[in-house]
C-alpha cells in the first residue's frame, strides 16, 4: 500500500507544480491511522499531510460538485466504486467532466476500524497486509486478523472496476471475486411481512435524523433537499414520530432509486449503524429483476430505469405478488 | 318449499341468468328434439323467467331433451337453455323421491345400437 | 377521545383514490351516472395524470389515517399524455415492492387502469379494494398515531 | 385572509335526494376561511351563476367552491361566471358531490358526511390556488383528415369550402372507402357510385384539398393547433404524376391470379391494377406480393407497355412532415371475421355470403356485372335466405355485444332490389327485431314486406348445412312456434361491423381514448359527440360507433364545423396549469427532461448571487408553457421538488390528502 501512496504523492506534486491542476483532492492524515479525512491540496507543501492507507474508505466524487465549479482543473483520486458515482454526477450535469482530472487509484478493500476493535485490538498504530493476513501493530503488540472479517461492509461484496480514468495508479491486480451482493436482501425478503416490519422498526427507530447519509451520498446532492423545502409538504428537521422515520428513508431511497451506484457510503457513515445499503439494494435488485440488469454510473449519459419505460412493463400488482415471499 | 322458493331453486340449479335471454330463438332453431317437445327450449327460458314452472314440471319436453348442448353452444347471450331443462328435470326427479336409475342397472340393458349420447343423457336424466 | 376499549366500532377503512382526469375520473363519473354504488369511504382526488402522483402523496395519505391508497389511470397506451402511465407503472411497482419489503401489507396499495368507458369496472374495483382492506384491518404500520388520536 | 364562498347545488333532486344539502351548507359555514355558504336548486342555471357573481361582489370573495356535479361538466361554466364577477377563473374549485357521492350512496347520513368531506377537500385546495393566466399558442391553418371514405371526403370538402387547406390521408390506393363498394343505398335506393363519385371528383379538383392516397400516418407530435405529423407515402411502384389511367398494363400483366379485394375477393385481378373505374387518383398500383418482377426479378411487361414510362420498380416508401391545426379521424369499418360462426357454414359453402359480398354481386361493376348469380355454379338463385344479427348483439364472446345498426335497413334494401329485379325469387329473412328508426326508414322496410312480399320470419337460424346441392337453413319460427328448414340456393349473412383495425394505432398516435370494441370514445356521449377528449381531434363515421351513411355525413359536417371554428382563430388559449421550475432549487440534473413527452423542458445557464458578493453560474431547467401539457411526470422525477405544477401543486394535493383523510 505504501508504494501506491508514494506514487500518488509523486503524481500530485507533479500535477500541482506543473500548474496542470489548481488542486488535488485526496485524503489527509487524521489523529490516528484509522481516521484519514478527505482533503483538498492546493500547494505542494500542503501535501506533507497527504495519506492513502487501508482506512481511506470515503468516496471523493461528491466533493467534485463544488470543485468543478471553481477556477482551474481539479485532480482527484478515485477508487473503483467512486468512479460510478462520478459518472452519475457527470450524467446529471453536476460535475463538468472537462474540469476534472481523474486518477484511478488501486483499491484492494478498505478496513472498518469498528470491526478491528470488536476483535479486541485497540490503539492501532500500523497495519500490514499480506493477501488474506492482516498484521495489526498496536501499543499492546501485534495481532494477526483475517482480512475478510474486518473489511468495510461495502467492500465485502465489491466487484467494481474503474469506469473512468485519465490516468491510473494500479500496482497490484485484485483477485476476481464472485459474491451475491443481494444475499442480505434475499434473507429479508424470505421473512414474513411481520418479521420484516419488526426488523425495520428496530433499525429505523435508531435513526436520529443526523442527515449523515444524505450529506455523504453522491446521488443525494440536491441544491435544496425536499425535506428542507416547506412547499413540498414533507419538510421536517427531526423524526418526531415513527412514521417520519419511515418516510425519510423511504423517500430518500426512492429518490436515489435507479441512480444509486451501491457505493455503500450511507451505511459506512451512519452513526447508528443502520444497514441503509439494504434499502437501496432492494431497489437495485427489483430494477434488475423487473426491468433488466442496470448498474448506475457505468456510463455518463443516457436515461435511468425510472426515467424510461417499455410498452409491456410488469403491472404493479404482479410485481408485488411475484416478489412477495 | 313454496313456489317462489322452488322457482329460485330451479334458477340456482340451472346456474344461468334467464333474464339475459333476448328471445332470438336460436336455441330452438338448432334443437334436434324440437319436434317432439311440447314446450320448446326458448319457451323454457322465458317461462322460468316469468315463474310459470307448473307447466314446465308437467311438460313432456324435459324427457325429450338429448342434452346435446347445441343450444348452449349457439346462444349469443350466454344463456344455457339445456341447463334450465335439466334443472326442471332434476326438480321433478327429486320430487318423486326415488333415484330412478342406478349405475349397476345399466350394463344389462346396454347393446351396441344405443348411441353413447343417449346413454349419457339417460344417466343424466334418471340418476339424481 | 374515542374509547377504544369498549366494543370496537365496526371497522370501515378510509380509502384515498387518486384518479387521472382523462380516464379514471371519467370512469368514476360514469359509475356515478350509471348509479353503480361503491362504499362511501372511498374518496377521490383528481390529478391531471396518474404520473402526477408523487410517492410522498401516497405516504402522506397513509400518515393522515388512510388504510388503503389506490391509483387509477388510463390503460397503458391510451394515456392522454402519451407516456404518463408508463412511468406510473414503474414507480408504483418499485414503491409497492419497497413498502412490502418494509413490512407494510402489500394489499394496502394498488394500481388499476380504468378507461372513461369502464364505469362498471371502476365500481367493481372500488368494491373489491374496500373488501380487501376491510379484511386486512386498520393501518397500524404506516401511520402517524398523533393524527389518529389527535383531531 | 382568505374569503371563500361555498355554493352547494341541489341539482334538482340528483344531489338533494341523498345528500342533506342544507346541512352541508350549514356545517361548512364554520370552516376556517369560509365567509359565505349557500345552497341552491340549480347552480349551473342562469340565476345560479348570478348568485355566484353577486356573492363574489358583495363579500369580495378571494375564492369559491361549488359543491355540484363533476368538474368535467361545469367547471368551465363556473370559471366563466367567476371571471365575469372579476375573480380570477382559476380561484374556483369543484367538489364532485353528485357522480362521486349522491348518485352512488343510498344512506342519507353517509352521503351527507362524505359530501362535507369532499367540500372541505375542495376548500383546502382553493386556499392554495394562485390566480393563473391562460397562455396563447398559434393555430396552423390546415386540417388533416385520416381516411378517405365518405366521412373523410365530406369533412374535407366542408373544411376546404371554408377556405382552409385540407390533406386527406387514405391508406388504400384510392379514396371512396366502403361506400364505393355498395350497389344502392337506403332509404332512397340511389346508386352509391352516382352520389359518391361526384364528391370524389370535387375533392380531386378542389385546390385546397391535397389527396395523399396509398399513405398512412406514421407519427404525430404536438397538440391542438400545432400538430406535427409524419406521413408515410407507401411505394405504388407507379409514378402518380405520369400515369394516365389507360389500363394497358392491367391487360398485359401476366400475374392475374390475385384476389380482387375491392370485389371482396370474388374475382381475380392482375398484380398491377386500378381498384375500380371511378378511382381517384385514377392511377395504377402494383401489389408487391403478387408481382412476378418484384418477387423474382423476371417479367417487367407492364413497364414495356406503359406509354408514359410511369412504372418504377425501384420506388421506395417516402415520408413527408406536415403541420396541422386539427385532425379528423374517419377511418371507417369492415365486416367482422366469421371464424367463430361456423354454424352458418360460411367457410365451407361458396353460396353462403356476407351482405357486402352480395353488394358486389348485385353491382354492375361487380364480378358478375350486376347479374345476381350463385358464386358456386353461376346459376340464378331461386330461393334466397337472409340471416340478421350474425355476430351482432352477441355477449357470448364470439361476436360483438353491440347492435351494428345498419343491417336491418340494408337487408330490407337487398330483399326489395332482388324481388324487384327477379320477381320469381323467394326471399326469406330471419330476424330478432327489425330496427328501422327515423324518417322514412320503417316505411322503407314495410315496402319490402307489403309491396315486394319478402317473407320476414321472427326467429333465428340454428344451422346451415349442405344437402345434395341445396343449402338447408334450419331455424326457429317463434310466432308459429315451429322449427323450419328452408331449402335455399343462396344464404346472405348480415354480418356485424367493427372499426377498421388500424384505428387502434391511430388512437395511440393521437392519444385519443378508445374503448374495448375499438370504437373511439367521444368527449361526451350527448353534448360533444364528434370530439375526442384529446383537444383538436374530431371523430367522423363508424370509427366512433356503428352508423349509416346519412349519420356519417352529418357527423362529418359537424366535425368540419368544429374544425373551421378552431382554424378560424389565430391564437388558442393554452392550459395555464403547466409545470414551472423553481430556479433556486433546481439541480439542473435533466431528470425531468428525460420524462417529458412533449420536450417542453430546456436548460439555461444562469448566474446566482451567493451572498457576500460571490456569484455562481448554474444550469437550471426552464419550461416552455406553450408546449407543456401539464401532466406532471416531471414533478415526481424531480427529487428536490423544484419542479411543481400550477393548479395541481404538491402543496395543494398534500392539503387535499390531509382534508380527505380527516375523520
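In this document, chain identifiers A, B, C and D correspond to the written order of the chains, with residue numbering beginning at 1 in each.
In the analysis below, a residue touches a chain if its C-beta (ideal position, glycine included) is under 8 Å from a C-beta of that chain, and two chains touch if they have at least 3 such contacts.
Values in this document were obtained by computation on a predicted structure and should not be read as measured data.
The interface holding more C-beta pairs in contact, when A-C is weighed against C-D, is C-D.
Chain centres here are Cα averages; for chain A and chain C they lie 37 Å apart. Averaged C-alpha coordinates put the centre of chain C at 31 Å from the centre of chain D. Chain B and chain D have Cα centroids lying 46 Å from one another. Between chain B and chain C the centroid-to-centroid distance comes to 46 Å (mean Cα coordinates, whole Å). Multi-chain contact residues of chain D (touching two or more other chains): 595, 637, 650, 654. Within chain C, the positions touching two or more other chains are listed as 55-56, 60, 77, 83, 87, 91. Multi-chain contact residues of chain B (touching two or more other chains) are absent.
Under the touch rule stated earlier, the contacting chain pairs are A-C, A-D, B-D, C-D.
Every residue of chain D that touches chain A in the complex is listed here, in rising order: 582, 584-591, 594-595, 603, 616-619, 637, 639-642, 644, 649-651, 654-655. Chain D contributes residues 343, 389, 393-399, 432, 458-463, 474-478, 481, 483 to its touches with chain B in the complex.
Listed in rising order, the residues of chain C touching chain D in the complex are 14, 16, 21-23, 25-26, 28-29, 31-33, 35-38, 40-41, 43-49, 51-57, 60-61, 64-66, 74, 77-84, 87, 91, 115-117, 123, 147, 151. Residues 69, 92-94, 220-226, 229, 231-234, 255-256, 303-304, 306-308 of chain A are the ones that touch chain D when the two sit in their complex. Only residues 20, 22-31, 34-35, 40, 42-43, 70, 74-78 of chain B touch chain D when the two sit together in their complex.
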